[in-house]
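For reference, the structure discussed in these notes is given below.
Just so it is clear, A, B, C and D label the chains in written order, and each chain counts residues from 1 on its own.
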Amino acid sequence: MGAIVRVGVIGAGRIGKIHIENLCYRVPNVEVVAVADIALEETRGWVKQFGITNVVADPMQIIEDETIDAVLICSPTDLHAEQIIATAKAGKDIFCEKPIANDIQKTKAALRAVEEAGVKLQLGFNRRFDPNFKRVRELVENGDVGELHLVKITSRDPAPPPISYVKVSGGIFMDMTIHDFDMARYLAGGEVTEVYAHGEVLIDPEIGKVGDYDSAVTILKFDNRVTCVIDNSRQAAYGYDQRVEVFGSKGSAVAHNKKPTDVEVSTEHAVSTDKPLYFFLERYMESFARELQDFFKALASGQEPPVTGHDGLQSLYIATAATKSAKENRPVPITEVL
Amino acid sequence: MGAIVRVGVIGAGRIGKIHIENLCYRVPNVEVVAVADIALEETRGWVKQFGITNVVADPMQIIEDETIDAVLICSPTDLHAEQIIATAKAGKDIFCEKPIANDIQKTKAALRAVEEAGVKLQLGFNRRFDPNFKRVRELVENGDVGELHLVKITSRDPAPPPISYVKVSGGIFMDMTIHDFDMARYLAGGEVTEVYAHGEVLIDPEIGKVGDYDSAVTILKFDNRVTCVIDNSRQAAYGYDQRVEVFGSKGSAVAHNKKPTDVEVSTEHAVSTDKPLYFFLERYMESFARELQDFFKALASGQEPPVTGHDGLQSLYIATAATKSAKENRPVPITEVL
Amino acid sequence: MGAIVRVGVIGAGRIGKIHIENLCYRVPNVEVVAVADIALEETRGWVKQFGITNVVADPMQIIEDETIDAVLICSPTDLHAEQIIATAKAGKDIFCEKPIANDIQKTKAALRAVEEAGVKLQLGFNRRFDPNFKRVRELVENGDVGELHLVKITSRDPAPPPISYVKVSGGIFMDMTIHDFDMARYLAGGEVTEVYAHGEVLIDPEIGKVGDYDSAVTILKFDNRVTCVIDNSRQAAYGYDQRVEVFGSKGSAVAHNKKPTDVEVSTEHAVSTDKPLYFFLERYMESFARELQDFFKALASGQEPPVTGHDGLQSLYIATAATKSAKENRPVPITEVL
Amino acid sequence: MGAIVRVGVIGAGRIGKIHIENLCYRVPNVEVVAVADIALEETRGWVKQFGITNVVADPMQIIEDETIDAVLICSPTDLHAEQIIATAKAGKDIFCEKPIANDIQKTKAALRAVEEAGVKLQLGFNRRFDPNFKRVRELVENGDVGELHLVKITSRDPAPPPISYVKVSGGIFMDMTIHDFDMARYLAGGEVTEVYAHGEVLIDPEIGKVGDYDSAVTILKFDNRVTCVIDNSRQAAYGYDQRVEVFGSKGSAVAHNKKPTDVEVSTEHAVSTDKPLYFFLERYMESFARELQDFFKALASGQEPPVTGHDGLQSLYIATAATKSAKENRPVPITEVL
């Protein structure tokens, strides 16, 4: 067993709570020594069950705490960049929820700070750690599907977010498809050179009124000649639809949806099974734990984390190009948005 | 192309009609030259579409017709044995619907006549020709599942037959499970030495009143140490359930139900697919054609047909032992009923 | 039973032979009275099994035969248009293999002749008659998936055609994706307004040398705001991959591949099943029979055939736009190619 | 949050370790305050990661510790009965691994002690807590499959236990099928009245030499007229095979095997997926946690635990009857062994 890493967590909202629970129960050699959240009382009550007593309102108390080795940034997106910069300057390793920012310049500034400080930064693209998708990636890497030709991603949410969120999220390509862009890069093993995206408003006209889409199809062209097709919807009646397919010269691999049980019921009406696991908390429960395990393994071994700031920047480029492509109805070379 | 075989069909009921249609459309080098049925007018009207004009009421007109090479016996079961004997004496090859008779002595008499006349006899155990089950048998034969240990058969009808039929059928083991006994022998590649059967009346008390069961579980022990378990029900709410599984030292093979389409529908209620094909006419349509193709291939090549009188007799032994076992609640050695 | 329709078949190559066999065995009230093929002797030998004796070398002998009611055109594509025009002028109903022509003007001329003559014309887009795809269409029509948002089509061949064919076929969008364009229109229930296509040469550089692609992804935008994504490959290692998915406000429906058997084999290596049915002859065997049954039903009832010249023309427009889009890397409005 | 329950664990072998880890990470309001194991040093090293420091060699130190509220008995089977009696006398609630004993009288004595002391006892029939099987039970309870007719259980291990274990385990029905007997009672919702079992030695002759079987088929008849069929093998080449099926008047429900991923790979050889999860540690990981959660919930609420000593005794009766049935080749009424 190695030394214990002392961790501070900034933000104890929905995703922050998941990370804290995983840090306490599923990541070895780690201790959560402080949590920052403006909801001081509620957070204090909640963290008590894990034996955590140090709860502060100001994130800087964590960033500047010399006894803390690593910081998890789970605050609202618009604070990520500045907190990354501050934490990097304080010489601490960082796990930050995606995205770093919806703005390319801010993102670059944060990455520069990380590089200058020589600290590690991992981004929360948790889907890479899903056992299904990881298996597909392994099949590609091992050459089991031969030379890769095509990546197909289906990504549909069970329900759209509130309009208030859509207004500030940067749009569907920035708040939703960005996960799929990262998955596409992960599976394709290359970099995107051009994006063509088509968006529609088919679910809620309010989404259209604030200038966004609720349905989209995107084609990515990679420098290794792989093509990727992504279809998104903000609302699937049957729940969270998260499938990938890779196709190459030797065959294909398809990751189907995960379901609560594998029970098949036959009645006079039909043969039926469970619907997919409802949403990301259910579906990616395992991957949230695994991304943290791998982050702290990387810190312990001194290796680069499995998802870096570079990955965050690339996905942001693609999302920016996709947004432009959908608005202007033309394929957009990635060089246009760098 | 070989010479045309001239065929007479005795009985143009439901199964007779299927055979006539298959003879005309799916069996090469065969001509149906006469059909016998007491419903003369109806039969004449129906066969016209195939260009058949010779319809007679008396089966002996077919049996004694010297221009006819082979006879299909599709009459009621209680006429099978005597018609086999007459046809064998007339020197014609015979395809007969199963069973030869519900009585062992009658069956043996028919088989003796076949043997003495040196004609070929194939029994209509059509399920052996189902592509799914044939594939399972091949996997056993090729050694893909290793040394065979277990055969499991699920066989459930969508609805019970009329009580009038149950009264004279010889009971569930004789009218329904007998198909599964043949399938068990086909898959196991051995002979049954002992039978233990358990019957229940769970669907219709009327079935119990006439001394039969509507639900049954049967264990067969084979001379090659394979064990077979069969579960039957006269009524499955979701339709015809016909599955087999074999298990051996190297693995297993499972034949699932066949469905009208392979379409999977996801809604807010469930993920569902079609129910199984409704009943034997739908499920075994292909196997009805293939059993005739193989019968006439055997005639042409002079080889033994793929399902013989021996197979009919063995299944009858097993059905007799199963009936006895269920009544007396004890394992019955097959030697008791020979 | 209605009157017998007297049919002449032009071309007894691979697809012609399938149609002749289906006409003889699976389509009621139809008689094949003449077959035209330049391979006179071979064709005579082959059709004998169906009792057909009238084989001619010159198609005009069929087109001008006054005793013939309907003509099946199964000749090479470059003869379709002129033979349609001649047959229409002769007042006969027509079933023609797709496409009418690779040229829009020729196609329009043929359709004009059909309209002027007032005869019926059905095109051989057989996939519409596949039970799987028909079921998906029904689910859309019945509103089971709600308002339709997305159609996804996967269409991959087991092996590329010979280069000699690729040279004259008009390219992948014209010879292969055209089937998918028809399927897209069939499932979407609308007309295409814009096409964006991306092609790659990943399988055989020779295909690239003659100016074609062997891999493609196409996005179709419909006038009812449905989006369709099609992915094609000329070579899938595991065989013929033919799947469709529809997604709408109430859910989705997916048609999986069809396989020879439904047997699942478990060994120490994996749990595995059959590969998909090898190619179109195996996969679409049933749909070839059904398209002819429906054509002659339409003739008998005086109704419009289920796939018309209009359908052929629309698919040709889409294929033309897709070819242009792939070359010029931009979305092409369908109005550009009308 | 309720009061903290102080727990002592007797036995820190394979299953004891799983329980300790689950108690620490997945069961709320519980504290492991002492662990007893003769491997003192090894256990001390292992439990340190959970902050447990009190490790003792003598179980009585736990049983007699007045600060301990509940005891988990994870010692070898032959110690269960006496430890239950001692713990009950000490007034502590008990979670005990199955079986209580292979001997009916010893088991009854232990249950008497529990009853007299008025403490709670839960047995470790963990499979009842598997989400798949629980769902099947719910479908039965809710009436979704109608009146229950049949329960089918497939239960095959990836590899046989060592011969040394087989010699003392009481035989396949006592060490392996006993889990399935409990599952059968759980799913059927009734009590067994008669057992017919057939055993074979097909995998390892050594198993036969010590008087046991390695393959078995068992029929259970229930007082509510449900029939249950169980097939067992000590060695499935493809791993741990754990499936159940229920069939009733309204339909059926089938729980398939669980696999590491849901990825389907298609190559020129086959379409294949993962094998089932390897063995009980992988497959029932979740159910081990849930059985403890439910045990401590029952303690907190004062309700009867979900699996009681009665359940242990019934399974023991059935296993005894099955062993007798297989030896004597006759159906054995459960009344013979009470």
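As a working rule, a contact is a pair of C-beta atoms (placed from the backbone, for glycine too) under 8 Å apart; a residue touches a chain by one contact, two chains touch by 3 or more.
As the structure is a computational prediction, the values presented were derived from the model and not from experiment.
**Student:** So which chain is the furthest away from chain D, centre to centre on CA atoms?
**Tutor:** C
**Student:** Looking only at C-beta pairs that count as contacts, which pair of chains has more of them, A-D or A-B?
**Tutor:** A-D
**Student:** With chain centres defined as C-alpha means, what is the inter-centre distance between chain A and chain D in Å?
**Tutor:** Whole-Å distance between the two chain centres: 40.
**Student:** Quick one: chain A and chain C, Cα centre-to-centre, how many Å?
**Tutor:** 43
**Student:** So how far apart, in whole Å, are chain A and chain B when each is placed at the average of its C-alpha atoms?
**Tutor:** Here chain A and chain B have centroids separated by 58 Å.
**Student:** Among all residues of chain C, which ones touch two or more of the remaining chains?
**Tutor:** Residues 236-238, 241, 250-252, 266-268, 274.
**Student:** Which residues of chain D touch chain B in their complex?
**Tutor:** These residues of chain D touch chain B: 146-147, 149-150, 152, 156, 196, 198, 200, 202-203, 215, 217, 219, 221, 225, 227, 229, 231, 233, 235-238, 241, 247, 249-252, 329-331.
**Student:** Inside the complex, what are the residues of chain C that reach chain B?
**Tutor:** Interface residues on chain C, with respect to chain B: 1, 25-26, 28, 49, 131-132, 135-136, 139, 144-145, 250-258, 260-268, 274.
**Student:** Tell me, which parts of chain D touch chain C in their complex?
**Tutor:** 236-238, 241, 259, 266-276
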